[in-house]
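Next come two complexes built around subunit A: one with subunit B, the other with subunit C.
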Partner chain A sequence: MGRKLLLEKAHVEGIRTYDVYRREGGYRSVEKALKTMSPDAIVEEVKKSGLRGRGGAGFPAGMKWSFIAKPEGVPRHLVCNADESEPGTFKDRYLMEFIPHLLIEGLIVSSFALGSNDTYIYIRGEYAWIVDILEQAITEAKNNGWLGKNILGSGFDCNIHVQRGAGAYICGEETALIESLEGKRGNPRIKPPFPAIKGLWGRPTVVNNVETLAAVVPIINEGGEEYAKIGVGKSTGTKLISACGNINKPGVYEIDMTISVEEFIYSDEYCGGIANGKRLKACIPGGSSVPILPANLLLKTAKGETRYMNYESLSDGGFATGSMMGSGGFIVFDEDQCVVKNTYTLARFYRHESCGQCSPCREGTGWMEKILWNIETGKGKSSDIDLLWDIQRRIEGNTICPLGDAAAWPVAAAIRHFRDEFEWHVANPQESQLRNFGLAHYADDIHVPATV
Partner chain B sequence: MSEQLFKVTIDNITIEVPAGTTILNAARKIGGDVTPPAMCYYSKLEGSGGKCRTCLVEVSKGSEKDPRPMPKLVASCRTTVMDGMEVKSATSPKVLDARAGVVEMLLINHPLDCPICDQAGECHLQDLSYEHGKNGTRYEFQRRTFHKVDLGDKIQLHMTRCILCYRCVFTADQLTETREHGVLDRGDHAQIATFIQKNLQNDFIGNVIDVCPVGALTDKTFRFKNRVWFTKPVDAHRNCSNPKCCGEVQLWMRGDEVFRVTARKDEWGEVKEASNGKTGWICNECRFDKKHTNDWVIEGPSHVNRHSVISQGHYEHLEKPQEFLPELMHRQPRLLMDIHSASEVNKPDIELSEIKGPAHSTDFNK
Partner chain C sequence: MKFNEQQMAEFNRLVARYPEGKQKSALLPVLHLAQDSFGGWLSSETMDYVAELLQIQPIEVYEVATFYSMYNLKPVGKYVFEVCQTGPCMISGSDDIIGYIKEKLGINVGETTTDGMFTLKTVECLGACGYAPMMQMGKFYREHLTKEKVDAIINECQKNAAINN
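Coming up: the complex of A and B.
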């Protein structure tokens, strides 16, 4: 049984209210931080913890904090990215819904560390009911002296504002989020300058994911070094995984990143195996934009080693044979699922969500969707598969923001690993409308070349 | 204090530019094939660029201090040079491949209606696809279409041709006081629009026509009147009462008739600095209402790049071919046009211009 840091108390009766949360030891980290630590010491502690951004890219949070510019007389801002819109990812929603005070607590400590007097939570527009939960929590925290002027007599003022998005996936990209928060169209900005220098209203800004900021609480309570002992290698601490798809127990799980992918899928503590006694075909381990892996490469790396649920192991083998931890949206496919259809669904999503600034992403995502629709409905040609490959290649890396990459990777990985299925669709246009390709060889052992 | 100069090498050509110059502007100083094409960047518009991705270049050496190459291709219009930077533009196969990809993407939803488009002949997308595009298309689907929209009585928006460069949005934002004009919707269904087809009345809004790299925003006073290569650009100026207007324009003439008035453009297709130091934007009055030669002080024919289709009229240095017929015939030849009046075959009393449609023998047998 792995250790839980974030969701340990999530199911205590009434934890959503301030009184229960405080009784269970909440807001200790704020007391510790504001009374005994300097902002720099907190940043140092977060650096020591090795905490990596939980939003998808996995950039070390302490490092990001240390980049923030501190010009004299210019306010700085912390922005909490709660625009969780990646298909398959719902961990932040769970955290904010069940234990909102944990996020508020993390935000106060982080705001103190960064010197942000006005901190924003930019929340996905569809999470309308969570806005109420968060605002309730903020009011309670304010009434009990954890927010507002001169918190705990430290001289530090802080207010937290909740801002709803209007339903755009692109606003989860930090610079688009900032634009949207400023009241503009949510187009990603061209970097540099990075938000740490010029962010919200041209002021130095740090944008962090909900889970990252919540993880600051145990780091301060237990110390960065203690936190770093959990997990393995550069994957320190615990990670929330939102598991969904054809599994017996979908839901949000907190793991300590030492368990194997196989254990995560099949153990009763976590996903509880594939639903209806079927077999595993494929999995997208980190949210819709990361590469899909067939069962054999998911459970074992190309070298034949066991694959673990952590940043390094999931990306072992690069994109050729690996994937990414991403935002922790773990989507499992059983043998009856069609990879072509899934790829089409994702392509349709990215076409719809592309902001339309850069030509490769704007035009390419629509093009890919149309071709995939043809293949899926039995009108594809064999040249379409190579064409898809060529289009995704020309989108990836050539755009302002990572949405272009996120749109290209799922298509690339599906073709890389499941080309047989695409070819079968093209070669059997009628049969492909009646039945699925099935498991085929995707769970077979991989041939491991002998190392010399 | 002297300005700090950075040494930058683009396609093995080294040049010194002031710190803060973008790679694209450094390349423009060198000129020629080294210069990456740019569809969305416009040096006179703050914040433009970075969107079309045609100007992608490879930075093979970051700077003298940090010689690591940049991992991705970068948009040269928005990346500033560092001292000792080495850039590959036309010499990098990666760049050429990406550029061809961008051109293909830009064209898949473009209607390619050049034969009926007023911009043909001075269209940046046409030039771009000639230089960097490929023959044929791999796109087999219906192209995106929009309805044509009139933005006021002088400008027409034909969104189907738009490549979403955002130049007109920046122009409207930066040249006019009120923001009435922006982008609606997202992705490949995004469109330039005024909110619920509001008219654009501002006195500087006509400049959006000049900045549009394609035929999406066209001058309704010129629409379908002529092909640009039949008209002759002539530099002219007038004393415009609008303080923001530079009053220096190009008249596009055919004979004595002024077909349209535009701002003067430099070799990169952007408006020129005027001689009085203003940026060369012109007001709507100069653009739409002054269509007579006596409204203007004519300076002389504009210089047009000899590769441009517009210069195919050779109007700049007109050399009339020597007439040798009068010498041989000892009289002026009868012009072919005059044959009707000289010949008795068709009845000369029938006025040809009054015949509707092509003339038939029946018209003369009445």
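Coming up: the complex of A and C.
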């Protein structure tokens, strides 16, 4: 059983309410921070913790905080990114739904550290019922003196507002999120200037993921150094993984980043093995945009070493033979799943979500979707596979924001590792409509136990 | 077309969250409020009203309303089924669920039943991948969908509609 810092209390009855949350030790970090620490000392503690952004990019959170500009007389803002939209990812939803006060607590401490008197939670529009849960938690926190004016006599004022989006994956990109928060289309901005200099309404702004801000609570309570002792290397602390697909126990799990991928998939403590006694074919370990890996490269690196659930190990081998931790959206495919069809649905997703600003992304995503649809429905040509490769290569790195890369990577990885499955579709247009390619050799040379 | 007193109070609460002169920031939540208040969709009349309230140009409202997928730009049924079809839901059987709803309601994706009761839409990932297949209906998610569950949801909607009429 690994350490749990975020979800330890998530199952305590009534934890969604202030009274129970407080009784269980909630809001201690606010007391400690506002009464005994300076804002800079909090930033230092977060730096020491090694906490990396949990939204997907994995950028060190303390360093991001230290970039915020402090021009005199200009308000600064903290914005919590709750626009969780990366396919396979539903961890922030879980945290906000079941233990909302943890996020509010983390936001108060972080707002104090950054000097944000008005902090915004930008939540995806579809999570409509969670808006009510958060607003209820905010009201309770305010009624108990944790928000509002002169909190705990510290002289620090803070209000938290919940802003609901309206359906746009791109608003998870921080500058698109800021645009959206300003009441505009979610078109990412050209950087620089970075939000830390010029963000919301042109003011210095820090945008952090829900899980990142919640993690500030244990960091302040236990100290950055203690937090950094959990995990391994530069993967410190705990990480929420949302597991889905063809597994026995889909759900949100908190891991301490020292367990192996194999344990995560097959242990009853986590995914509980592949559903219906089938075998593992492939996995997208960090949300739809990170490379899909065949079973053999998922469980072991190209060097034959055990692969672990952490930032370094999941990306071991680069994109040639590795993947990424990303957002922690862990999508498992059994032997009956079709990689071509899955890649098609992801290409369709990115075409749908492209904001349309940059031509490589706007045109390329639609082009990839059409070609993949043709291959999937038995109308593909063998030259289509190379064409797909060519298109994705021309999107990657040529757009204002990372959505272009996010759209290119799944297509590239699918062709890289499953090219024979694409070729089989093209060569067998009729048969491919009747059955799936199956497991083939992806599970060779490794121990892949069948689970019942 | 005007917000009633209660809706106006909500409008004022939303606008008060932003600094003075930055009331445009309230546009997304105000459009949600307008859509909920005026029949589940945004007519150009509704959008013009929102522009007037927020003291911005109508085009600023149109460009936002057409960007985000949750705003309906044409009338929809009383109950809108928004079924997720992205990767994780697809590998968990969303195609079958979409097919079953089509058959059961006798409509295609994007259509509304002739009695104006149901609209079927397919949507991209809603962040419920572990509880697939799923759909959004109004404010809430309906998860772990099966054909039986779909039947029960349709019955529930019809019952609720009969009570409200």
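Assume the second predicted complex is superposed on the first by the 445 of 452 C-alpha atoms of A that agree within 3 Å, B and C clash if a C-alpha of one lies under 4 Å from a C-alpha of the other, contacts with A are read in each partner's own complex, and residues count from 1 in each chain.
One rule holds for everything that comes next: contacts are C-beta pairs under 8 Å (C-beta built on N, C-alpha and C of every residue); 3 or more make two chains touch, one makes a residue touch a chain.
These numbers were taken from a predicted model, which means no experiment stands behind them.
Using the contact criterion defined above for the overlaid structures, shared-chain residue A:Gly397 touches subunit B, although it does not reach subunit C. By the document's definition of touching, of the two partners only subunit B reaches A:Pro360; subunit C does not. Contact with neither subunit B nor subunit C is seen for A:Ser66 once the two complexes are overlaid on the shared chain.
When the two complexes are overlaid on their common chain A, residue A:Ala168 makes contact with subunit B and with subunit C alike.
By the touch criterion defined above, A:Ile190 reaches subunit B but does not reach subunit C. Looking at the superposition, the partner that touches the larger set of subunit A residues, subunit B or subunit C, turns out to be C.
Touch criterion met: A:Phe333 reaches subunit C, while subunit B stays clear of it. By the touch criterion stated above, A:Arg124 is placed in contact with subunit C alone, subunit B being left untouched. With both structures placed on the common chain, the touch criterion links A:His352 to subunit B and to subunit C. Looking at the shared chain after the overlay, A:Leu387 reaches subunit B, while subunit C stays out of its contact range.
When the two complexes are superposed on chain A, the residues of subunit A that touch both subunit B and subunit C are 168, 185, 352-353, 355.
Listed in rising order, the residues of subunit C touching subunit A in the complex are 17, 19, 22, 24-29, 31-32, 54, 56, 60, 63-64, 67-71, 85-88, 90-92, 123-132, 136, 139-140.
Considering their complex, residues 168, 170, 185, 190, 351-360, 362-367, 370, 387, 393-394, 397-400 of subunit A touch subunit B.
In the complex of the two chains, the subunit A residues touching subunit C come out as 75, 84-90, 93, 118, 120, 124-129, 161, 163-169, 180-186, 201, 242-246, 250-252, 284, 288, 329, 331, 333, 337, 341-342, 345-346, 348-349, 352-353, 355.
Within the complex, the subunit B residues that touch subunit A are 49-54, 56, 72-73, 75, 78, 97-98, 101-102, 104-106, 108-109, 138-139, 141, 144, 163-164, 166, 182-183, 185-190.
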